[in-house]
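Below, chain A partners chain B and then partners chain C, in two separate complexes.
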Partner chain A sequence: MAFNLTRRKFLQSASLAAVALPLSKAIASESGVTRSPFEAKGSSGDKTVTGGICEMCFWRCQLVGKTRNDRLVKLEGNPKSIDNGTSLCARGNAGIKLLYDPDRLKYPLKNVGKRGAPKWKRISWDEALDECGKKLNMIKDKYGPQGISVFPHGSTAKYPMHFFERTVGTPNISEASFFQCRGIRDTAYLATIGIPPGEKVDMPNAKVIFLLGGHFGENVHVSHIKSYMKGLQNGAKLIVVDPRYSASAAKSDIWVKIKPGTDTAFLLSIMQYLIEKGKYAVDFIDEYGDGFEEFAEGIKGWTLDKAAKECDIPAKQIKEVADMLADNAPNVSIHPGRHVSWYGNDFQRQRSLACLTGILGAFYVKGGWVPAKGPKVGKISWKHKEHEEEHNLNVNSDDELYHPYTPPGTPTELIRDAALTGKPYPIKGCVIWGQNPIQTIPDQEKMKQVLKQMDFVMCVDVMPTDVTMWADILLPEVSYLERYDLIKTGTQWDFSEKHQQYISARMPIVPPLFERKDQVYITNEIARRMGYQEDIPVKTIEELVEKNLKVAGLSIEQLKKEDGIHIREGKDPYTMPEDFEIIFYNEDIEDSGFPGIPTYIPVEQPPEGFARLLYGRVPVHTFNRSQNNVWLNAAMPTNPVWLNDALAKKMGLKDGDEVGFINQDGIKSRTTTTVKTTPGIRKDCVYMGHGYGSANPLMSVGVGAGVDDTSLITKITIDPETGCNGMRNNFIKFTKDGKTIDIPTAV
Partner chain B sequence: MQYGMIIDLERCVGCHACTIACKAEWEVPVEFGRNWVYRIGPALVGEEMASTYYPGLCNHCSEPVCVEECPADTIEMTFTDVKTGKTEVLEVAATWKDPFDGTVQIDKSRCIGCGACVDACPYNARYINPNQTDDVSEDGKADKCTYCKPRIDSGMEPACVQTCITGARIFGDLDDPGSEVSQYVKKGAKGIEPEGGELGPNSRYYGKKKDMALLFNTHTPELADMHQVRRRAMLASMVKPAIKTIKNIGLLGVAGAIIAKHSAGQDTQE
Partner chain C sequence: MIRNRSSNHVSTLYRFCAQSMCYPDPLWLTEKYFSSLYNLLDTLGGTREKELLISALNDSSDYLEDLQVEYTRLFINGAPHVVAPPYGSVYLEKSLQGKYAEKILLYYHSCGYSLSQKADFPDNLIHQLEFLSFLAEDKKQQEEEDFLLRFFQPWYPIFSKLVKKNSHHPFYHVIITIIDFFTKEEKEYGV
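What follows is the complex of A and B.
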């Protein structure tokens, strides 16, 4: 090892000092050295502040803060929590680096440059709010409320979203969590079992856990991982279906290395095989099933061999999976997934998953799909006012819905297309609250054009992001550690334990710094300026929380006394609701012009020289929101691209080579990343972590770190039933040293 | 007593909660870590696909190679058994192995920051913390995992164990046959012994056969070149106390220290 530290630096500084300064001065500069505290104190002596709820992701673990001289030094899981306990994930632990991030938004800012190339001027809250109120009113008066579009995300965005949707009256709300993430899952299960499924599988008590694309470990939500691990430790078998040997595949009993886009064929053949062999929950389906015969008839063609060919996996592996599920039914966790906006054929796949759960009789049974029975709290927000229906962009001239199974809001592309064409009406206002549509929605150039044509764009966030560069007015929000906010409810996650419920409200751990404000203040002040003062539902965010807690017989004061979490007796979650049914063949879906029996729709395959771009989570980032966190960045500073090792050899690439990308539309990545060669990925696809490569120079840590996968997703695919985006139909080649390298996927 | 930590690779999901919690607890500079998580694979182990993690930390070795290399002046130090109150006096340099709990610790106030221990450790478990400086050691002090000794002495768990979301980190006394860590050792938990070394690492790994093979095949280190380490330590020990003495007298600055120990100035290159 190199002898490189102390003495060389000593000499360098010494000789400099000797040249530059008389000796007396050199002595002066060396004297008065104060001893730094050598050993960190550790947090055990620090003051504990309870009542926090994490928002480094949406899972909302309950936490406590350790404060030293009013400065937060550490976050820990709340020991009283029956959800996450004393655990937090990497992101939760790194929350203090968001709180004290020097790049955080501090004051209201006005863009005196151009959208996309901003010059920021600090302005007062009054000036900022006046501007927002005036501009939004101008748009409303000129174009109607529907001329305002809203891109919300996170718990602070709910209150302003309800204001714009319910009170002002725009239907043009695009929530990323629906249209680019889980909306398809929710409406597909709604159309099958009448309930959005959440991730409510009873994994701790399952005999088999079945993950389709789920990559736990890379994707981390604390109590969910706890219940997954409890299941595995209790002896559950794990089946993982993924083109890549994911973190979950590494723990699996069966890894199904499926061809991307073909999952529905795989699921249909499992069901067809089980029905054919009579290995399904006959009595359960008799009692709760609807349209089963039509369904069974309709999927008959899906033999193991046919699916094996389509999915590029052995038929005997499909049989092995089917048998393992049937042999352990009904105690099997068929995981509904979460981010399911994949290929534009996703509604049918999610319906298939719900049907598979039904075939196995795995609803409301140990180890199956079991929704916990949590406590009720208030949901105070803005009231619905009467608004005209005719501005729904999702309605065609025959008064039918283009996308009948859309999640709440308006499908993103309908909003963006209307904005760009002015038809059927112009959309000239944009309120972006906690969302980063540039790194979330496919085709960044389209998003930029949409923003360019707006009369007014306002953003509210805690951090600068790629989209805040496009704001006219940029407002700084308090973080989750500095505000009252949502109420988190739930139950213990292992249903074999005593049934308990909990209620916990987000309460500030530390007071806000600079001029940051909360969502109730900001929304109310804009509402006042738009003439809606009579409609304001609560004066402060504290009042909101207080009123919502009151519904459960609680108060902020009481919660504080109980260390931030109120725990009470729970209910048995396994009792089946009386009206429960599983709609295998859904006539309504068929009536609206889509397959009423779950149907496989093949997707486009990569052209020669290209591989399909797959993306997913890394455990230290939540979407693109945590890019600038200095601890999380240090843990995984870039997002290496997974490339099949045989392909890499053919392409002359090795581990660690720096590469860029070019996609099927000729769009190049702005930055580069390293190659990770592995046998653990198929040859027709490459993979990289999402949440990297920000273009905003105000994110001094995250800017240009890794590659922005969303920048390469330019081809837009729409899941027809729902109007949600499919984001895995883009194909890329590599670039290195200015040259393009084809990916010889046929090797 | 010998404290030890088991990392259960069957449970570990590679989430990095442990490394970040440690950073917060002990104010570890961004670019360093007292512990780490490396992802290994996917790679073939024989015919089988495998992928696992190397969640590493100080091994608090039974025969630590780092301790002997410390060139700082020795002192007599009285150790106390937290549980029994029993005491023992040992002559130690600035780093030592605790005779009661078996942990390896550093006295920051006497560390001269020479980095000999850092170089001696085959696991790269030590680093020089640039935030911990004084006039003896302006480049910083050696720093590493202490098994959260201040916490465990007051009855708490190590910070990484407390936050671990899957219970993959288990801490306890390896000398107590009834402890959970000892049960893991009986089941086959193993420390990563360097090539040809007999250090007796007390942070140990348990997992599926293929995952253990992958971990040990890829992360078994070599012992450090002790000649290099010692040469460095010797030179540092010659320079450092001199600087300290001279500074304390207040006559000369750094330049003077170098002049005073000009012989040490000969060896400045890598």
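What follows is the complex of A and C.
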């Protein structure tokens, strides 16, 4: 299309006036450009803004931003930090590209198309909030508060989660960080030592560091990596148990190339050997152990030879590991892990890790498991109101818990099954806040069916992740660089240094862009519209932070004066609490119908022609939240699949070949990735980085980049004690050029 | 630049283009607006464009929502993906608020203009057109030419092509064509 005359002729013609006059009357908007006094050239607005706390992953490093006229130009670690110091990882540096990502959510959007195939229309906040309040109230009135489900994740989701759980009264909360990640670890340690373990091992002062599946270096949390590296620099031996030659395995003294799913057998045999040989912390267990005799008796059958056969590793290597641990006990770091939702037999494995730590006497000693003593701050949120207990999906008809060691919330599958069957009651509303259940929960089709049957779905996020395509209302949240938010506390990570505590609060590095809002604003406005205005605990996010800081005698103003971080004298972390005990044999677990002594439960093996799909972290991505980041995508655009080199030869595959996958249920990967052949992986499994291959075209960088491993995890396994998902019981074959290629080795 | 034009009228044309790139809202998307647009199209010889536009508007049960959905898809967040964010930095630096945005703001300042509190990023197409409107109104033709050459032309043609290729509604095709018309150089005539 073009016009018949030239611009020059038109502007010179008499028609110009005839056209321009009516046009001038059609202009109704105010100009964003204004006349102003002349300003000298040159940049005058350079500043260093302190108070930032990273959220490119959940480790939350302290940072500063270099800004120029409100434009963020660089992120750096806060020099005052005694945690990450001046260091930020690649993801932390790339946060700037999240802030200014053109694909980020900018305004409230209403879906005027279909769920899963949205047509977005920008709407006002009032309209969006009215719609959310009205629809959620309709669901609450018709089905009760339990008719609303919540899928939260991250620091901004706590406040809304508490509103729906404590105030509205739905028990149907599923946090991915618990049910698809670390919840099993926390409840297993709670059932053994009474405290969730975090990753609180004193690695800088350890003589041995023991990692079961931990792949540090690929999984980067700055101060944790510093702590690990300091330990190695100080001469710690490193034992890595992993089917794959990971970055940590590459630094190890002993790499245990274990058969996937058999870790508990391995741990039991170590403990059995140490007990049999009397190489355990007898005095320590006498003082702090409970149920040790029953435990020792219960694991007696786990000889080195039996475990060697089960785990497909040499018996002498198990002995070597056991001896190395015993010879250096109690100064050994038995790492509790973080993402532990692996095989559906994970509670027992995590209990075994806690018991192994106890057998070595490695609690509250140098190099052992040592929870630092951090400062106290407030935890203001919504108050608990009285709600009926009868809607807990985790309770059976005999009033017993299906999964007695569940993390907080309701196991995901119980929520999804109730939503799909309408039994014991319908679940028709869904609030998704910072979580991407399409890529975090196994069986994507099931999740889509759950969302389809809802009367209303709302999402709050910073990016248009896969699940946002299923929203009716999509609300844009400020990023971690644009908001006040959580208070981070802690201590110095090397306990051999002067004991210090720190308190820092997230403060905005730049003002919020577009119409993005914070969690307190959004939640409060929905609460008002649902009739809960009297229950609102704080008016603004700043008020929330102020009240929480006040408990520690601080304020935002004071923290700003102190460059974002308050440092105070710390406490000796090695002091053992008086009531500390290690429950080796747990009668309560047994009374609930589960093994009270850590027990190995074998898992399904790959069918012929298939290999087990394993996944893990890559250093430049944090699951799907960094998929669309231009810098990080450039650093590692896809997730090559690790394949044993001998197998690859038999399969006719070589490095760089483009392949897809098909799983045991016939589900094919939407996209392809390249092959990485290596002797550094067992023949019964393949491995790929997690968090690739977004299906959402709105993520214009991340869409279709690499393969989405979760799309191939369709078989659901449940860890019976906790109700958490086991994610590594799915099996795949390769596809290439339209043909399926069997994996010749399977077990 | 053209020496004997009426600066105020040119200023109005730029402002009209800027107005047309705002989010569709009944406050400005009025009968008066459309009649002015049709008049402009008649004068420019855009009969076909006018017919297509009238037909699309008449065939719709809710033309305002159609335009809002189209605007959101093209310029904010859309499926399959946002087609053409209206910011120069996106095309020059693959990012919002790039160095380009900073440079353009400095240029506004150096000419005696600034952005209001409510304004979007300085490199937003709307603000660039508003700035051109001010330059025209204040008879700063040299700066107008300089701005078009140094700041506008390096990215706008890419944006324009994307919108024209991907728009589902004739409205934005028409508006972008009009902006093309008023901002491009006519080298053959030695403008």
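Note that the second predicted complex is superposed on the first by the 699 of 747 C-alpha atoms of A that agree within 3 Å, B and C clash if a C-alpha of one lies under 4 Å from a C-alpha of the other, contacts with A are read in each partner's own complex, and residues count from 1 in each chain.
By our rule, a contact is a pair of C-beta atoms (placed from the backbone, for glycine too) under 8 Å apart; a residue touches a chain by one contact, two chains touch by 3 or more.
Since the model is a prediction, treat every value here as computed from it, not as a measurement.
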Margin query: After the superposition on A, what does A:Lys207 contact: first (chain B), second (chain C), both or neither?
Written below: neither
Next item on the list: Could you tell me if A:Val630 is touching chain B, chain C, both of them or neither one (first, second, both, neither)?
Entry: both
Next item on the list: State whether A:Pro697 touches chain B only (first), chain C only (second), both chains, or neither.
Entry: second
Next item on the list: Tell me which partner A:Val620 touches in the superposition: chain B (first), chain C (second), both or neither.
Entry: first
Item checked: chain B/chain C common contact set on chain A -> 1-8, 10-11, 15, 17-18, 23, 26-27, 29-31, 33, 35-39, 43, 630
Next item on the list: Flag every residue of chain A that touches chain B in the complex, lowest number first.
Entry: 1-11, 13-15, 17-18, 23, 26-27, 29-31, 33, 35-40, 42-44, 73-77, 84, 86-90, 92-94, 96, 216-218, 220, 222, 225-226, 229, 232-233, 245, 247, 249-251, 255, 619-620, 630-632, 634-636, 678-681
Notebook entry, point to check: What does chain A use to touch chain C in their complex?
Noted result: 1-8, 10-12, 15-39, 41, 43, 68-69, 71-72, 97, 99-103, 105-107, 109, 112, 117-122, 464, 469, 513-514, 630, 697-700, 703
Next item on the list: Please give the residue numbers of chain B that touch chain A in the complex, ascending.
Entry: 10-11, 13-17, 19-21, 23-28, 30-31, 37, 41-44, 49-52, 108-109, 111, 113-115, 119, 128, 131-135, 137-139, 141, 148, 150-151, 154, 156, 159, 162-167, 211, 224-225, 228-229, 231-232, 235-236, 239-240, 247, 250-258, 264-265, 267-270
Next item on the list: Name, in rising order, each residue of chain C that touches chain A in their complex.
Entry: 2, 4-6, 8-10, 12-13, 15-16, 18-19, 22-23, 27-28, 30, 32-33, 35-37, 39-40, 43-46, 48-49, 65, 68-69, 71-73, 76-82, 85, 87, 89-90, 94-98, 101-102, 105-106, 108-110, 112-116, 118-120, 124, 126-127, 130-131, 133-134, 164, 173-174, 177, 181-182, 184, 186, 189, 191
